[in-house]
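The chains carry the letters A, B, C, D and E, assigned in the order they are written, with residues numbered from 1 in each.
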Amino acid sequence: MIEFDQVTKVYNGDVKAINNIDLTVNDGEFVILLGPSGCGKTTLLRMVNQLETMTEGDIRVQGKSISELNKIEMRRNIGYVIQSNGLFPNMTIEDNMMIVPDLLGWDRVKKRERFNYLSDLVGLAPDEFRNRYPHELSGGQQQRVGVARALAADPPVMLMDEPFGALDPIIRTSIQDEFLKIQREVKKTILFVSHDIDEAVRMGDRIALLRGGEIMQYDTPTNLLNRPSNEFVSEFVGQDRVLKSMSLYTVAHLMDTMNLKAADQTITDTKKVDMHTSLRNVIAMLLNREADQIVATNETGEIAGRLSLGLIEEFLEKEVKTKA
Amino acid sequence: SSGDQVTVGAKNFTEQFILAKMTELLLEQEGYEVEMRDNLGSTALRQALENGQVDVTWDYTGTGLVTYNGEDPIADVDEAFARIQEVDGEQGITWTNISEVNNTYTLVMREDQANELGIESISDLSDYVNDNPGEFRMASDAEFANRPDGLPGVYETYGFEFGDAQVIEMNYGLNYDAIGNEEVEVAVGFSTDSRIPELNLINLEDDMDFFPAYSAAVSMTTEIYEEFPEMEEVFQRMADILDSEIMAELNYQVDIEQRNVDEVAEEFLQESGLLE
Amino acid sequence: MTRNKAIALAVKIVFWVLIIAFFWWAFTSEAFAKIYESPGTFFNLLSQHLTMVGISAGLAIVIAVPLGIFITRPKFRKSEWLLVNIANLGQTIPSIAILALAMGFLGIGIRAAIVALFIYSLLPILQNTIAGLDSVDPAAKDAAKGMGLTPAQILFKIELPSASYSILAGIRTAVVLNIGTAALAYLIGGGGLGVWIFTGIQLFDPQFLISGAVPVTLLAILVDYMFRGLQFAVVPKGLRLARQAAIKQA
Amino acid sequence: MSGLIDYISRDFSNILSYTIEHIQLVGVALIIAMLIGIPLGIYLTANEDLAETVLQVASIILTIPSIALFGVMIPILSVINQGVGFLPAVIALILYSQLPIIRNTYTAINNVDPNIRDAAKGIGMTTFQRLIKVEIPNGLPLIMAGVRTATVLSIGIGAIAAFIGSGGLGVLINSGISRGNSNMVLTGAIAVSILAIIADQTLKLIQRKFTPKGVQ
Amino acid sequence: MIEFDQVTKVYNGDVKAINNIDLTVNDGEFVILLGPSGCGKTTLLRMVNQLETMTEGDIRVQGKSISELNKIEMRRNIGYVIQSNGLFPNMTIEDNMMIVPDLLGWDRVKKRERFNYLSDLVGLAPDEFRNRYPHELSGGQQQRVGVARALAADPPVMLMDEPFGALDPIIRTSIQDEFLKIQREVKKTILFVSHDIDEAVRMGDRIALLRGGEIMQYDTPTNLLNRPSNEFVSEFVGQDRVLKSMSLYTVAHLMDTMNLKAADQTITDTKKVDMHTSLRNVIAMLLNREADQIVATNETGEIAGRLSLGLIEEFLEKEVKTKA
């Protein structure tokens, strides 16, 4: 658990980067810090592992005030992905990735295994990259090494500063998926900086939207999108925020609330989607006209009923009670 | 002959700076425009003279004969001067205005040590060195250590030799400090150098007459000599009033009293009535 | 072959022809005679030269590098500015002046020469050490801190390897300059091959001149190459490659 | 200390004239060195192969001990009857100045952000326009840094040139040594250092003045 | 007109960046080069103004082979916006923007006017920025200066390499609009690199989608979205490509094909949209439930009928005949 308790940060006596922030990240929670450039995301993150001092307030990690913790030890237990990857130019990719295990005195075999595992995880062929040096990698590849490096010693807490910023959309999506998969299993406590609303919605359990060093809204993605608490939030999440929020609802959600119409047995060109499909995908399929009718299946694979845009429209009406 | 340009050269020790300065002052009084090229080693200066980069300089007959021309040393002053006039004359260099200044090389020791060891002459030194090889160290400038009329000749004439590591070569002038500070036992000196008496050093007698006469005289390119024959008369005024004692006194003023060369030269010329 | 390549080749050929011509002239006019006529003196002078350079440069390295490390630690940051400026100013003092001044304090001889050379070598090494450590990517240092490396680990694992190129470059410059400056030690009775060079200059004797000047020059060039080799060996491969890549790109 | 001031006031005119000689020597050498080095450095950016050779040669020249180079100049230049004095000193100083000037100019022009160069090309600037409007202004700080290094270097080495009769402040140092006059040595040393510092600062000022604001 | 005629580019003898491309950009046409990173977009662009040599083939600008044109002159007639803005750090913003007019010898007054006009165009206050230097501007501001610089001498042909990449979404949209407005009036011939499918769809008359140095499809945005010619294209334009294509259709299109249902006069919370509104916006509004009913107005401002997702679904069915 990470708790920010009335934290304020003033640079050089006059730049108030963080203004009296309260924020709690629960154990195993994935929290996104979102906001425009310069709003203080990096600053907030770096105060946790004491790379930046606080001006006022307190931060507690696992219940203990960070001022009482041993800096070095604490940092080894917190994975940190720096905004600009910060790889060590003098070390090979393997050495870079294994630096913390190395400091912790892992043996060769264990390090090798871990390297292979992590490289695969971030989509880099271990043997191809092992002995290369950072400058021999593309920007996106470097960034992935940075992420893997932070994961190396499997720290329970992770601080990640725009870790996927330099990745192209395809790799970005796939690495996000991988990451979510691990997260579902290991439940790390993660504070993750992003300025990409789609990424935030996709990845975060909760999102803290910042502006000028203050939290505008700290909420679940669904609420942020559907119940923006003020003008700034609703503008930041965008006009199509409800469309975005559709990726957070699945067919199952829809079926909980609504009764599906019966499928038309006479139509042969039918496409089945399972209950875990997001409504956003369903909307896309419907608009794409991928089949003459699209039907949802239940857990046993039986057809539960037919999906239509009209139905989704009704679902929204019921589900999203407050209007923008 | 106003505006005529003459380059005066000088070597890298005090006496030379003084002589050159006097020459400059006198020539300027006569309306010449004088340029200085100083701080040169003997042979470099000689080379500059041969090149025409230097027109006039005060040099020493012995140096001219032995170092520049590889002749045998001649002890007699006039004979030496006649000989160098002849030899250099053929090479476009004219010697004139021989003075009473004889600035010969000399080997010096600290008076107390020399007395204690009973060394009075270079022969005594030779015996001592041969009996106690490796004991004495010697301070020398690079020139003396390698000139035919320098150490090599001394070795040959007197039959001894310092070891390689025994001869410490240094900028001329420091050799006096070296011996004064007892860092060496023997040093080379120039006989007109006032630091010899000042530091209680004694000259070892050149009992085999190895060192030639080093009479200071004007050495100039024949070209300039023929162009400005009247210069000879100007230099003669200087040659007439200079001798070894006076030179030593002037050196004393610069080296010991640490007065400045220009001042010393000017004052001397004025006192002698050569300069307004 | 392109025109550019041809020009480059021509210049290279001219350069080598000049060098060969020089050595040919030197050998035919027996300019190296002093070396083989009096090898004892030669080796004596050479060993004096090497002694001066070795001791002074060695001390300079041993003192300047740690000092540079020290001064770049956060605690001493404030004095860094001062020291860098002193180092800059110090390097404007000509070598011959430092020699002369050292003699003023320590008298004649090799000791004064060594002290002067030591001071003269200290500054470039110090300067490059500081510059090298300062130029280590702050993001890398930050990342290292963030991962819980101790200051010492950051220094030895990240900073020093990353700065090694610059530090070695400073040492290389200092030692090469040192070899040249040691040739002036004659002036204060420090010995070394400068003795022959000055003899050559004062007596206008090419034999002395060349027998002194050429070995000193070769020594400097040799040491320069040696340090280049050392740079190759010591500087982490990643940095070397990155440098090369950067140069190629430019 | 009082001895020093005393010496300086007594010998002031000499000190001044040695200083002027020194400035002349270094000044002439530097102007020529810049006239050679800067265009050469610029040209080298267009000829990579030559660049490598020239920079290597220049760096070898810089490793030659100055006194050795001065020494070697005497017999060589005696061939044209200029063995001692100004000419060999100037030539040696020009040679020593080449490496910093050429290398910095070359790096400065080469290091101009390739994007900027591209933009200039894409806009339709001629090679010359690019050089004058973009590459030199942007490379100026680095080029001037090279000139400054060369200046400080030359002023120091200029003091050694006194041994081959070129005059200058080296004479003070050398005569001071041989006369055991430490004030004279000190004066020479200080004068050379001050000269170097003043030259360095002046060039820095010039550099500031001519460096476009956006590049500083 | 720009014609690529069997153009091939090989770097260093082995990297085939462009492989035998044929492509024609008609006069006044706005063509987008689209594709993943490294597919050869920049290379293709730079061969036009000869910043890159061709390995094989020919490029003709206004009918003339570029090899016959004077490089310098030709470049002055082609506006070029470099991928990373490439402003001259030694020049003020005004000098940067006016460099080509300067080279062309325009007089002061004319340059001043032009500067003021262009600054306004890209949303920079002329007097505020005139004397600043590039490093004193934010990334986005710099990029706008780069665009303005390329427009300075009003060249008939423009090459633009991701000119809006560094802009935040809000400014990006507004500058895109501005740009389209100018383009509608002056009809420049434009080759525009982008990797953003939304931008491409929004701006381009035609889009060339590249992969590995080859053209996958060269088509209008609608066709690219609705009739992708192969797997890669359909993947690149995205699952929600039809949703994207909705931004190309307006309410007017819908009304041409379909009959709107009558508006429900009893509902008071009604929102009106005009006929030029894109269907994408309509979908967003419907999903956002911005009002209880959304109605379209015709040219005279009268209510023409009610819009619904179902209606749009039907429109799609009719309009987009081929299925993906």
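Keep in mind that, in the parts below, contacts are C-beta pairs under 8 Å (C-beta built on N, C-alpha and C of every residue); 3 or more make two chains touch, one makes a residue touch a chain.
By chain, UniProt protein names: A, E = Quaternary amine transport ATP-binding protein; C, D = ABC transporter permease.
As the structure is a computational prediction, the values presented were derived from the model and not from experiment.
Any chain bridging chain C (ABC transporter permease) and chain E, meaning touching each of them, is among A, D; the list is complete.
The busiest chain interface, judged by C-beta pairs in contact, is C-D. Note on chain A versus chain E: their Cα superposition corresponds to a rotation of 175 degrees, in steps of 5. The greatest centre-to-centre distance from chain E, using averaged C-alpha positions, is reached by B.
Summarising the inter-chain layout, the chain whose CA centre lies farthest from the centre of chain A is B.
Chain B and chain E, compared by their mean Cα positions, are separated by 90 Å. Put simply, the C-alpha centre of chain C (ABC transporter permease) and that of chain D (ABC transporter permease) have 19 angstrom between them. In terms of their C-alpha centroids, the spacing between chain B and chain C (ABC transporter permease) amounts to 39 Å. Multi-chain contact residues of chain A (touching two or more other chains) are absent.
Contact with two or more other chains is made by residues 74, 83, 163-164, 170, 174, 177 of chain D (ABC transporter permease).
Touching of two or more other chains is recorded for residues 103, 187-188, 198, 201, 204 of chain C (ABC transporter permease).
Contacting chain pairs (ordered by label): A-C, A-E, B-C, B-D, C-D, D-E. Per the touch definition, chain C (ABC transporter permease) reaches chain B in the complex via residues 38, 40-41, 44, 103, 107-109, 186-189, 191, 195, 198-199, 201-205, 208.
The touching residues of chain A, counted against chain E in their complex, run 36-37, 168, 170, 238-243, 246, 280-281, 283-284, 286-291, 308-310, 312-313, 316-317, 320, 323-324.
Only residues 7, 10-11, 13-14, 74, 78, 81-85, 162-165, 167, 170-171, 174-175, 177-181, 183 of chain D (ABC transporter permease) touch chain B when the two sit together in their complex. Every residue of chain C (ABC transporter permease) that touches chain A in the complex is listed here, in rising order: 137, 139-140, 142-150, 153, 157-158, 161-162, 236-239, 241-242, 245. Here chain D (ABC transporter permease) touches chain C (ABC transporter permease) in the complex through residues 46-50, 52-54, 57, 59-60, 62-72, 74-75, 83, 107, 110-111, 114, 152, 155-157, 159-160, 163-164, 170, 173-174, 176-177, 182, 185-186, 188-190, 192-193, 196-197, 200, going by the rule given at the top.
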